[in-house]
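First chain written, first letter: the chains are A, B and C, and each begins at residue 1.
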Amino acid sequence: MPLLKELDEKGLGVVGRDLYRFASELYPICRSITGNGIRSTLNRIQLQIPLEISEVPTGTPVFDWVVPKEWNIRDAYIKAANGERLVDFRKCNLHVLNYSVPVHATMPLSKLRPHLFTIPDKPDWIPYRTSYYREDWGFCLSHNQMLALAEGEYEVCIDSTLEDGHLTYGESYLPGRSRDEVLISCHACHPSLANDNLSGLSVATFLAQFLSGRDLRYSYRFLFIPGTIGAIAWLARNRETAGRIGHGLVLTCIGDDGPFHYKKSRRGNAEIDRAAAYVLAEHSESSQIVEFTPYGYDERQYCSPGFNLPVGCLMRSVWGTFPEYHTSADNLEFIRPPQLAGSLRMCVAILDVLENNRRYRNLSPYCEPQLGRRNLYRTTGGNTIGTDINARLWVLNLSDGEHSLLDIVERSGIPFATIREAADLLSQNGLLSVIPGDGGGREAWHEEKEKCV
Amino acid sequence: MPLLKELDEKGLGVVGRDLYRFASELYPICRSITGNGIRSTLNRIQLQIPLEISEVPTGTPVFDWVVPKEWNIRDAYIKAANGERLVDFRKCNLHVLNYSVPVHATMPLSKLRPHLFTIPDKPDWIPYRTSYYREDWGFCLSHNQMLALAEGEYEVCIDSTLEDGHLTYGESYLPGRSRDEVLISCHACHPSLANDNLSGLSVATFLAQFLSGRDLRYSYRFLFIPGTIGAIAWLARNRETAGRIGHGLVLTCIGDDGPFHYKKSRRGNAEIDRAAAYVLAEHSESSQIVEFTPYGYDERQYCSPGFNLPVGCLMRSVWGTFPEYHTSADNLEFIRPPQLAGSLRMCVAILDVLENNRRYRNLSPYCEPQLGRRNLYRTTGGNTIGTDINARLWVLNLSDGEHSLLDIVERSGIPFATIREAADLLSQNGLLSVIPGDGGGREAWHEEKEKCV
Amino acid sequence: MPLLKELDEKGLGVVGRDLYRFASELYPICRSITGNGIRSTLNRIQLQIPLEISEVPTGTPVFDWVVPKEWNIRDAYIKAANGERLVDFRKCNLHVLNYSVPVHATMPLSKLRPHLFTIPDKPDWIPYRTSYYREDWGFCLSHNQMLALAEGEYEVCIDSTLEDGHLTYGESYLPGRSRDEVLISCHACHPSLANDNLSGLSVATFLAQFLSGRDLRYSYRFLFIPGTIGAIAWLARNRETAGRIGHGLVLTCIGDDGPFHYKKSRRGNAEIDRAAAYVLAEHSESSQIVEFTPYGYDERQYCSPGFNLPVGCLMRSVWGTFPEYHTSADNLEFIRPPQLAGSLRMCVAILDVLENNRRYRNLSPYCEPQLGRRNLYRTTGGNTIGTDINARLWVLNLSDGEHSLLDIVERSGIPFATIREAADLLSQNGLLSVIPGDGGGREAWHEEKEKCV
């Protein structure tokens, strides 16, 4: 049965509620690119799916980078002279400049001010800021909070540690019939941000759970990693085998109610690019396809010229284009259960195409085979034919070993499901055979790969 | 002299009247995919052009198909209790479900009803229906006729035979200077239907007559065949030599007053596709080019993946899109003499391009040759040049052995006739030579062919 | 420093006035395709730039042509019976049909009339006409002048000589680091016409002067030649080395106030075509790119199929499309200093792209290099990045040895200057290296060249 149909039978309402509940559980954790926040997040995911957790020591060289010190934080605040916590990490973990070095001092507002980050345009929202690779400390607060700070002395405390430790990431591998892999990657390093981080992380977890135990054509690799340094570390440790990734998706910002956006891989015409473009157009009129750019999420690393992997990025609202992005307003009200479920469904629909996109050979290529005597045609001549029969004619006509089902879909304008059913029916009737060892485009990919690596 | 000019000198008015008279003679015959109807049709064509008639015995395997039994019919009716023929084959041969097995019985209306076919939307028209490959019997009648049938007993008679015999088709071959062939194919299996069948058949006959006896670059093969099974039978019997077909046209529905439509071959960029696209755009603003689909007329067989022949389909109104299609309203009033003549003219214009589309080599490729001293340029400098001189510059500039005249036409936007005249003039002046053995695109075709067969 | 920046620092106002003064000095000279007019023009240019002047004897065969006799003229007039010069070469050198053979006779108006050229639509303007290759004589005059001629006898005198001599052209060669050449070609054969001839000639002279003495990647060749026969003579004498021309521009009609037009080379996608298209779009919204046609200025010869050099043509108003073209209205009022300076600037901007359009190799191609520790990234995470950082990411991502900076500009939409600065900065930081011996597209060109020659 097609994956999509199976998902739909589970009921998207239930799935959406489960996804949302899962995201809600993870929301309060103060994650960063290292430390106990991401560790406990991965432990929670491990309750859902088998997950191998890796720890990479501080100082490990990973390509041009070095794994940084591990950061942990217990508490942080700005306290008024009267002892009141005016800015309090315990209320919102965004308040601390992520990766702040420890500080405990009393200082006048004038000395504190350079360490304060606000969004003047959105005076009630707290921004999210980081300083991973330059040692610094700071507080993020709402602009109104800052305006309310009177001149005077403040007790400033960030009770953090920045010490040798590890970078932690999680990996879930589902072996399929082929060693060729589909990569699903999401970052797990943002603190209390819902759409940017938790939406992708939740959908990836549930997708792995949904695929788990199935008989699949491809092997699937799910990565839950800190952004940038995590992807770099994983690629450095898996450089030799990364080439097995034949298709990939970075998932991010897929919980809000914006229209779907798919950002193409660097190649621009990889099978994943074409599958995603088809599926988005088929399932949503307002969806949009975005050209590759080298700025973004971890597709930046997968699509670096040395790898040039066919990895795109699935989003709803595009990061950076909505005001809630990287602020406290990207909270649990900004993501909705039906949106999370719809995003999971879109992923499954794309995988359904990849799993079934084969090339076939018409075993009766000289003229049309007589479909009528196989009950694959209309019975009374003179009438027109339906889409199902038309799909059979298209599949027969283009199954010359060169065209994949997706090629046929693109040329005929007939939905993939109908074309696939036609191919199944024709195969059952002995009229088609699958191209041996066909991976639907991998050959082309290997060639391209060799040129670029 | 260009073919088109010769045709125009004959006078399209006369040609149109002759075409229409010919179609009118053939109209009453009850044709089917086998039997005496198609036989007498071919005999009538034989009075116009040399025609080789082939008979393929029932039971002959042709690729995935088998030649069916031969069908013949003498009479058919539904008679009321009072002896009145309420539905009468002698009035209109569409009344019988084509290929009906014999029946003679008296039965109540309730038992007869499942055997009746009507068009509720067009209550005065009789539909055309067939049942070639499933033994059945039936009557086609106007919806009003059916509504007028009272309950009661009816005498039902179809005086037909369905027995071992032959499938008959006709073939006219005009040898040219090259063995490479242009195929003109039309179906000859529809009974009293004028646009769908007789228009193509008449234009093909007159085109063969017009080309006959001329010194032609290509050999021409005209096929008058029963749809589907006829094309399959011909291809099965000519599998080894079918590859000689370098260009082809299926002619159908070219007698009505709709705008021209050309449906591309499976290849989509074959020389015939480009020639037809150019000629239609040049001769008619409202013409349209339609992408290939595997459903349609016999281009389905010619363009099956094992053959992948460069055969397109020329139509005026596209079959299936006009209400008269496959009904009694597709009669002699639906086709008009000027439309038939205009369609013949369009075919001739396309062939004129194919016949003359050569690649040349500029024998003076370094800088422009001095056209002025050959009286091929304007005399006073400082003025602009006309299209004729411009055409000479284009032909010289692109005659590098790679570009055909049609390439030059497409790039320059200058009409083919002007470009061709320029090439002739430059050749006469020793400035160009034809690429030896040039077939204007056949090389590319052969390569493609090898890949696909 | 980029060439364009250096030019801008000179001040376009000053440059424009100098260009205009130079054109004004050359305006009165009666040039033709041979003779003392072009000789003195070249001598004047020689005061600005080093110029090698070549003399090719009459009768020298140059490809399909032969160098014509040399034409010189001292005086010409049509004199009324009362001795008044009604048409006087000394007032305007356009009055004589260029290349007129000598004549001195008295004749009635009826016999004179076939030798008179006017523009009835523009009754006050004098047309420019030539008769280089057919011996003839004639006068060009305003239509009103002609209408004023009463019947009667006229003394007609053209005091010219047409004798064995030479064809003269000038050449300025600036050697660069590579033997590969950029060709700048303009015609120097038109008499008192300002936009058509003097604008291109002046800009070319100042461009050579501006480039002179600089350390340049390419060698530059400036040709000041009589139109058609001069280009043919030069190509005939430099046939073996013409292939060094990797990029070229014909300059003409670039002094009026029309929007820029760039006519592509015959190849259509040569680096010069892409560079010009980019620069025109970047610098002027109203600019237009025109497809190649084989009619025009000397790109006709450079783009003949035997050479197929990548030479385009830069214009403001397209020749032949403005009424002043080839009339006395194409005078010193028709061209303006700011327009001349702007055209020089456009040339420099195009050359700036060619000079700097290299392919690089990312030396850290696996994942992104860590820009932050090299101070090439923003300092605080969470904010968006600027165009300068974005340009670095693009350059790193596409520097796989295949893509030139212009490729990156086209794909990213970021200005060339920004991309180039990013490449410089990354190179200085050891992250990029130039592809050895890279000529930014010449490899592709050489291949193409071999096919065509």
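One rule holds for everything that comes next: contacts are C-beta pairs under 8 Å (C-beta built on N, C-alpha and C of every residue); 3 or more make two chains touch, one makes a residue touch a chain.
Keep in mind that what you see is a predicted model, and the values were worked out from it rather than measured.
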Touch-based graph of the chains, sorted into line, ring, star, complete or other: complete
Interface composition of copies chain A and chain B: same or different, split at half: different
Geometric centre distance via CA averages, chain B-chain A, whole Å: 54
Junction residues of chain A, two or more chains touched: none
Residue ranges of chain B touching chain A (in the complex, touch as defined): 62-65, 98, 117, 127-134, 228, 231-232, 235-236, 239, 266, 293-295, 300-301, 303-308, 320, 326, 452
Interfacial residue positions of chain B with respect to chain C in the complex: 362, 364-370, 372-373, 379-385, 390, 393-394, 396-400, 412
